[in-house]
Structure formats: C-alpha cells, structure tokens
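The same chain A turns up in both complexes below, where it pairs with chain B and then with chain C.
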Partner chain A sequence: MAAASSFNATHEAITVRYNSVDHAYAEQRDIRLLGFVLFLISDVVIFSAFIFAYLYLRNSVPNWPPITKGGHQLPRFDVAYAAINSTILFGSGATMHSAMESWKRLDKPAFNLWLLATIVLGIAFLGGQGYEYHSAQVTWAGSTMGASFFTLTGLHGFHVFIGIIYLCVLYLQANRGVYTGSKYFGLTAGTLYWHFVDVIWVALFFLFYLW
Partner chain B sequence: MAVAAHAGFIGGDTHDHIHPEPQGFIRKYVFSLDAKVIGIQYMVAAFLFFLISGLLAEVVRTQLLVPRGAILSNDTYNGVYSLHGSSMVWMVIIPLMTGAFGNFVMPLQIGARDVAFPWLNLLSFWLFPVSAVILFSSFLIGAPDAGWTEYPPISVQGPAGTSLWCIAIFLIGISSTMTGLNFMVTIVKMRAPGMTFTRMPLFVWASLATALLNMVATAALSAATAALFMERQFNVPFYDPTRGGSPLLWQHMFWFYSHPAVYIMILPGFGIVSEVFPTFARKPIFGYKMIAFSSIAIALLGFMVWAHHMFTSGMAPWLALPFMILTMVIAVPTGIKIFSWLATLWGGKIHFHPAMLFSLGFIATFTFGGITGVFLSSVPFDYDAHGTYFIVAHIHYVLFGGSVFALYSGLYYWWPKITGRMMSNTLGVWHFWLTFLAFNVTFLPMHLLGLWGMPRRVAQYQLHPEFQFWNDVASVGSYVLALSTLILIYNMVQSLLRGRRAPGNPWNARTLEWMTTSPPPYYNFRTIPAVLKNPYNFGEPLPYIGLDEAESAGSTHPPAGSSPLPAHA
Partner chain C sequence: MEGATGVTASIEKSIAFVFAIVVGGTTSFQLAKDWKSTGLDNQVTKLLLGLMAFGCILVILAAVGVLGGV
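The block that comes next holds the complex of A and B.
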C-alpha cells in the first residue's frame, strides 16, 4: 500500500472534478437511459416471440386465413378501418415529438397542448381498437389466426394503455415543476416509450392487415 | 417503474448513490435495497429449495430401486421428477448463480456501492420465493407431469397444477429479465474509475454475458409460458395440433430460452472458477482476454443452437446440419477456457483448499459432461441416445458436476467475505471427496443405462430387470450424495456459531471485494478506489489507488462526497 499513497492526490483530483451536481445528474440520467433502452429491448423480444409464433402457425397451414373445420375460410381483417386507426396512432407519435421539441424550446403552453393531444389520440386509438374487437368475425379461442391476432394486438393495446397512464403522470409532473429545461429524463423516457409502441404497431399492421 | 425511479434525482443530490443505511429489521433484512443482503436472501432461499428438490431426487432414486417401482404410483412419480427438474433449474441454480453470487460479489468486484436499480433488485428477489411457493404448491392440485420441459400436448392436457407451473415460471422469468437488465446497466455504467472492460474481474465478465442472456432469452420463455397458460385456461389454440396449433412451436420457443439458460447456469460458474484458480495457484490467470471474450462468444453462439434439442422432433433434415455444426462450434470457446485454467494451474503453487478442490473437480466432471454434449450434438448419435438415461447423465454432469460444483467452490471461497467467519477446511475436504465420489457413483452408471436403452422419465422398468443393478448403484450413490450435503450444513452452522473471525482478505486474493472488511460495510468502500490493471498479476503490488487503509476499522458512515466515478474518469 506504500505505492498507493503517492497516487492519492491524483485520485482526489479526479474525485473533486467529477463531484459537481450536473455531472451527477448526467451520470444518473445515463444509467436510467440505458436501463430504459434495455427494458424496451426485452419488450421487443416478447413481441418477437409472439410474432414468431404467428409466423410459425401461419406457415404451418396451406391457406391463410385458415379454413375452419366447417370448410369455410375465415375473413381477412379490415385494412381500411385499421389504416384509419393506425393513422391516429402514428399521428400521436408526431404530436409526442412536437411536445418534446416544445419542452426543449421551453415553450410550456405548446408542450401542454401537444402532450394532451397525444393522450387524446392514444385514447382514440384504443377506442377504435375496442370497436374493432367488438365487431370482429374471428374469436380469440376460435382459431390460430384469432389467437395470434388478439394476443399480439391485445399485448400492444395493453402497452398503449400503460403509455397513456404514463403520459398523464408526465403531464402532472411537468406542470408541478418536476422537470427543468435541462433535466427532463422522465419526458425522454415517455417519448421513447411512445415511439416504441408506434414502431411495434407498424410491424403488426403489416403482419395482420397488409400481408 | 419510471415514475418512482426518477423521483430520487430530481433534487440533484444523488451523486454517491448512497441510501442511508436502514435500521429497522424489516427494511434491513426483509425488504432490503442492499445488493449484499439481497444476495444473501437469494442464497438462503435457494439453498432451502435445493434441499427440497434434492429430496425429490432421492424419492426418484428410491422409486427406481426395484424394476416395478418401489414407492410411488406412476402419476405421482411424473409429478416428482417434473418438479425436481423445474425447481433445480429455476429455483436453485439460476437464482444462486445470478441472484446470490451475482448480487453479493459483482458490485463489490467493480467497486460500486450497489446495483444500478436497487428497487428493481428488491422486486426481482421477492418474485423468486413467491414463484417457488406457487411452483411447489402445484402438488396440492396435481403436479405438472410432463417433465421440466412441459411439452404440449401433454402439458396442455396435464393436471391443474400445470397452470401453476406456468405462472411460477412466468414470474421467475420476469425476475430473471429484470436482474439481467439491472446487472447489465450496473456493469456497463458503474465500474470504479480506471476499471476498463479489460480490467474487470472474470466473474464480472461472466456476469455480463449472463445478464445479456437473461435479458434477451428469458423474455421468450415468458411469452411461451404465457401462451401455454392461455391455451390451458382460455382454450386459445397455440399448441394443440387438432385446432391448427403446433407442439413444435412450444419446443422452438422453449428451447430458444432454455438452451441459453444452460449457459445462464454455467457462465457464472466459469467466472467463479476463474477467480478461484489464480488465487489458490498463486499465479496470474492464463489467457485473461481469451477467457473473457469466450464468455461473450458462448453467450452469442448460445442463441444459435437451440434446435439441437429437437433433432428427433421431426424437423427438416437440412436444418439439423447447421445446428449440429454450431453446437460443436460452441464447444470451442468452452475448450479455450478449460485449457486456460489448466495453464493457470501449470507450475503454480497449488493450495488444496476446499474451494480449489471443487474447482478442480469442476474441471473433471464438467469436461466429461461437455464431451458427452459433443456426442449428443451429432445427429446420428442423438437419434440413438435421445430420451434415454444418457441425457439424464449428461445434464447432471454439466448441471451438478458443473454448476453445483462451481457454486460449492464459490461458497467456500466467498463464505468468509459474506459471513465474516471462517469455515472448517477439514470438513470442507471431506465434503468435497464424498460429493465427488458419490456424484460419479450416481451418474456415471446412467451413461451405460442410457446406451443400453433405458428411457428417461419412467416409473418402472419391469421388462428389463437387468437394469436393476446399475440403478441400485446410482441410488446408493445418491444417498451418499445427500449425506455429504449434511457435512456442508454442519460446517456452515458451526462456522456461524463459533467460526474464527475472518480477516478482510483471508486468501490473499487480489480482486476488489477482498479490499474491504469481512463482511463488507453497508456502503462497500469508504472511498471508491481507482483501478490501474487487471487484478490477476500475482507478485506485483495491488493495482488500486485510493483504498482506505482504515477500512477495517469499520466506521458505519461513509465519508461525504465519495463518488463512484464513471469508468472513463
């Protein structure tokens, strides 16, 4: 340990240099950001597993939509309706982006407006999906098509639902002064999450409606 | 998560990640945020489940003493071996490898005060005993009877307890994913200043590779078990072939997790023996970078070999070939490690401490199990041996002779650090030799039984009474194995009650966890040291600066302003 003492000065210098509050904030933010991104990655794996199941089941029968035991082919899902609903969700991605940009410009009224718009669009999307479920001609337990469709879109809808709650919390926090112009990790995470939900929907839209 | 998570640093006053040490019993020992306490919680709980699932194994061996089955009905027998397997994999080995040693040792080794997300860690831990209780309670309503792999359609039609199995495995899967995420962020972001990736201890490297597997692969298991649960409870067709589903789908999803899971169960073990060998051979580790990188290579290759479990399930023959070759390839990084360890021992001043004995035993038995694994990767041989006792022998050579031996080694190695007490070496040596011999007496004959055609998962073998002799040998071996565990329990109890106090660094080891008191204080290090080199250069001065020499004085409060710095500092 004798050798070590001569280095203690260096060590102290490094420690002092990095002990500022801003550095501490940046360090914590990086830790949380990485954790959040890894969380999203593991979420992607869950979706991928169910998507794999869908592809596997679809690939293991000669016709898709599958033909029931009664001999008639199940109907395809309604592309036009889903396209409208998808536009609502993608639009909410745009409003979320605007909300984030407004925050960075310190334009709080615009931020509030865009964030509320995002929440409203998210609720509208869920409502639209609820109506689609209600009027669907396939059932969850009736066929492999229904099983994969309702499981995957249901999982996605659950993510949207959680996202809406999260955005509401962010709205309240932002208006109580929790975030500042340079410290707003919660908003970053909310934006990431919302875009993630959008991107998943792109895949689902392609897989279930277009293909 | 996020809402609660960022509340802490709004004030900007979190620069040393130190929560004040809780004083109440509940916050200190039950719902603790301290990774060390959580590690001990994992250890205690998983050891309890180890004893329970070990007893289930003894019931299996007792049943097989006579060809027509000694004690159980066929149905009960199915439940017993299914729960033995499920619990040993998910409730014992994985929690011990990542939860126990990962939580206790890894943050200390990288010079951090805790893991990145202590609350998440708390949640990960408490999902574990809950899911274990759910798993074992399935006995009350009809235990799952399709083995630990729960292949449909048997598992879809299986007893009510199979649904509990799904819930338990789903929850422990979520727990594993969260631990993986937590460890990955901790290792990437919270290393002591100067600890570059190539200065990390090898156990940390192994934990990093394991965290990657935990985070990515386990999510697939959660999806698969969720689908099985939906199929059982709500009749949703995923796996039932009569309704358009596919049993092979389960096998793909299950093995996409469960093959990486065997590396989750062995990589931290590789890390443990990589710590033990240089310390007890008093030599620098041979091939530090090769050992480190081969862990990552194993983790990546581990995702590409899952279908070798399915050669006989009716997959396309052309698809079998790449999986066969990749499976053989994955033996290469493992071989690199084994030769590096042997080279570390070469010319070393070897101390036959119990930790060292178990690591040496690990090399012997794990290599044996690894070689039978290469046999099994060969498609023609697998056609012959699949579903026989040869598989049972192979899996026990890698999971008991590999993982459990490594865990024993780690237990003897870190026990003084964890408890602050020394264990008896004499008892440890007895424990090793009894375990090693009884292990081989139990599992070596199973290779023969398998090659002669004895199928696994059978409650009786009346058509082949000639199998009885070796079955009886295996059963007697398993009883001795159980007795050898009693020596360990006695050793631990007498150490806790009247063991000699452990110094901070009883083995003269060089990794960071030995640079603080035994047991370490709540905040791990008064001052976070800076790291100059990798820790294995025996014979040189310690590569740390800023270590507090008064650490052993054991002050209970960390000094103000001590900060774990980012690795690039």
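The block that comes next holds the complex of A and C.
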C-alpha cells in the first residue's frame, strides 16, 4: 500500500514536471512564432514599398514598357521562361511542405530527401534568375523598367539565397539531433519563410511578366 | 527578354504548363489535407499554400496565352 502510494506520488511529480516543461516550451514557442510572423509581415512592408515605387514609376509614363531616348520601345520580359522558373520555385514550396509533414510523421529519411530537393530547386531557381539577368536586354541604370526589375527581383533573389543557407543549416541541425518529434520550431519557421519567399514571387511574376 | 523563337517559346510554355499542373495539384492536395488544422503556424501555412496554388494558376494562364501575351 505504501509502495503504491509512493509510486503514485513519484508518477504525479514526474507528470507535473513533464507537463510544466512542455507548457514552458509551448509558451516560448508561441512567442517565437508570433515574433517570426511579425518579421514576415515587416518583410511584406519592405517589398510593398518597392512594389508601390514600381507602380508609381510605371504609371508616370504613357507607355509600358517605356520608350527610350533613342525612340524605341523596350521589349517585354520573357514570360515563358519566367513561367518555368516560377514553377521551379513553387515546386520547392511543395517539397518544403512535404519535408515538414515527413518530420511530423517522424520519417527522417523522407524529411532529408524533401529538404534536399527544396535546396536543389532553390538553387535551380537562382540559376535561372542569373541566366535571365545575363540575357536581359535592359540594365539597372538604363531605364526605370530595368531599375525596378533588378531591384525587386534582386531583393527577392537575396531572400532566396538567405533561405537556401537557412535550409542548409536546418538540414545540419536536424541531422545532429537539435530537433525532436515534438520540438521543432526552427523547422516550422524555415517552412514559413520558404513559403513566404514563394508567395512574394507570385506578386513579382504577375507585376513584371503578366501585367 | 523576348528574344526566344516561336518554337522555343512553345516548348517553354508546354513545360511550364505541365510543371504548373503538377505543382498546383500537389499544393492544392496539401492545402486540402491541412484544411482543418489549427494554430497560427498552420493558418499562415494554409494562406501561403493557397497563394502558391494561385501562382500556379497564373502560370497556367500565362502558358495558354490568356495572361502575359505569350
């Protein structure tokens, strides 16, 4: 009877301690998550500032693409090529989501596979963007169209570059036991960041290539 | 820039169309699967997945020539 009582008391103490640790983690996680979402919103503000500057410049001239001093109209950007590059980036968003879901299922091999696929697709997107810069018929200083294009897509490309580094760090951390099946805020933040980068590209794709 | 030949552009459009169908379908499936999940991170993820699926629709419309004048 005494042994059973002692066992119950110990069990209760362990349960209380375990739950209090989890509650502490959950509270900390919620605060960090809120902070990260606020960071993403602040990034939206930065992109919005540049996008509205682009809209202002675009509406301040009678023709778009603008006509140069030489009298010829600048060509539109290559929509077909950008469409392929866009699907590569959107595809990386889908693989990142799969990586996150794999982690939640505790399927580490699948997680590694999907995360590496995301990194490869991100690098492929940057490579495609680099090729487009190389073959572009506008320059940064040559026109408002070129200045807007290189500034906004460059800012986005920088975010993708940082995202790739972020994902590489997450890959290393996940394989060194930093995250567990119940504590993986870094992976959640990485997934949100990568989705955010994808969604910003939706706006840029529409503004520069479709409109 | 718009220097691609007609054949090249057609091939690129076709590839983009197929990719967008695959990625858009996958994203929509993931969104439907997570639809009932709760919590701030899941809500933001659903919003972003939805916008990504919208991006795939834009690519499809561009590939078939409805948008962008391809």
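Following the convention adopted for this analysis, the second predicted complex is superposed on the first by the 192 of 211 C-alpha atoms of A that agree within 3 Å, B and C clash if a C-alpha of one lies under 4 Å from a C-alpha of the other, contacts with A are read in each partner's own complex, and residues count from 1 in each chain.
Basically, a contact is a pair of C-beta atoms (placed from the backbone, for glycine too) under 8 Å apart; a residue touches a chain by one contact, two chains touch by 3 or more.
All figures in this text were calculated on a predicted structure; none of them were measured in a lab.
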With both structures superposed, pick whichever of chain B and chain C touches the larger number of chain A residues. B
Could you say whether A:Pro75 touches chain B, chain C, both of them, or neither, answering first, second, both or neither? second
Kindly classify A:Tyr56 by the partners it touches after superposition: chain B alone (first), chain C alone (second), both, or neither? first
Check the residue A:Ser143 against both partner chains and state whether it touches chain B (first), chain C (second), both, or neither. first
For A:Leu34, is the partner it touches chain B (first), chain C (second), both, or none of the two (neither)? both
First, second, both or neither for A:Asp43, with chain B first and chain C second: first
For A:Cys168, is the partner it touches chain B (first), chain C (second), both, or none of the two (neither)? neither
For A:Ala110, select first, second, both or neither according to whether it touches chain B, chain C, the two together, or no partner. neither
Let me test your reading of the model: by the given contact rule, A:Val199 touches which partner, first (chain B), second (chain C), both or neither? second
Figure out whether A:Ile123 sits in contact with chain B (first) or chain C (second), or with both, or with neither. neither
Share the list of chain A residues that count as touching for chain B in one structure and for chain C in the other. 30, 34
Interface residues, chain A side, partner chain B - complex: 1, 3-4, 7-8, 10-12, 14-15, 18-19, 21-25, 27-32, 34-36, 38-39, 41-43, 45-46, 48-50, 52-53, 56-57, 60-61, 66, 140-141, 143-144, 147, 151, 166, 169, 178, 183, 185-186, 189-190
For chain C, which residues are in contact with chain A within the complex? 1-4, 8-9, 12-13, 15-16, 19-20, 22-24, 26-27, 30, 40-41, 44-45, 48-49, 51-52, 54-56, 58-59, 61-63, 67-70
Chain A partner contacts - residues on chain B that touch it in the complex: 1-3, 5-6, 9-10, 12-15, 116-117, 177, 180-182, 184-185, 188-190, 193, 215-220, 222-224, 227, 230, 234-238, 243-246, 248-249, 252-253, 256, 527, 529-530, 541-542, 544-547, 549, 561-563, 565-566, 569
Counting only contacts in the complex, chain A reaches chain C at residues 30, 33-34, 37, 40, 75-81, 83-84, 86-88, 90-91, 93-94, 97-98, 101, 135-138, 188, 191-192, 195-196, 198-199, 201-202, 205-206, 209-210
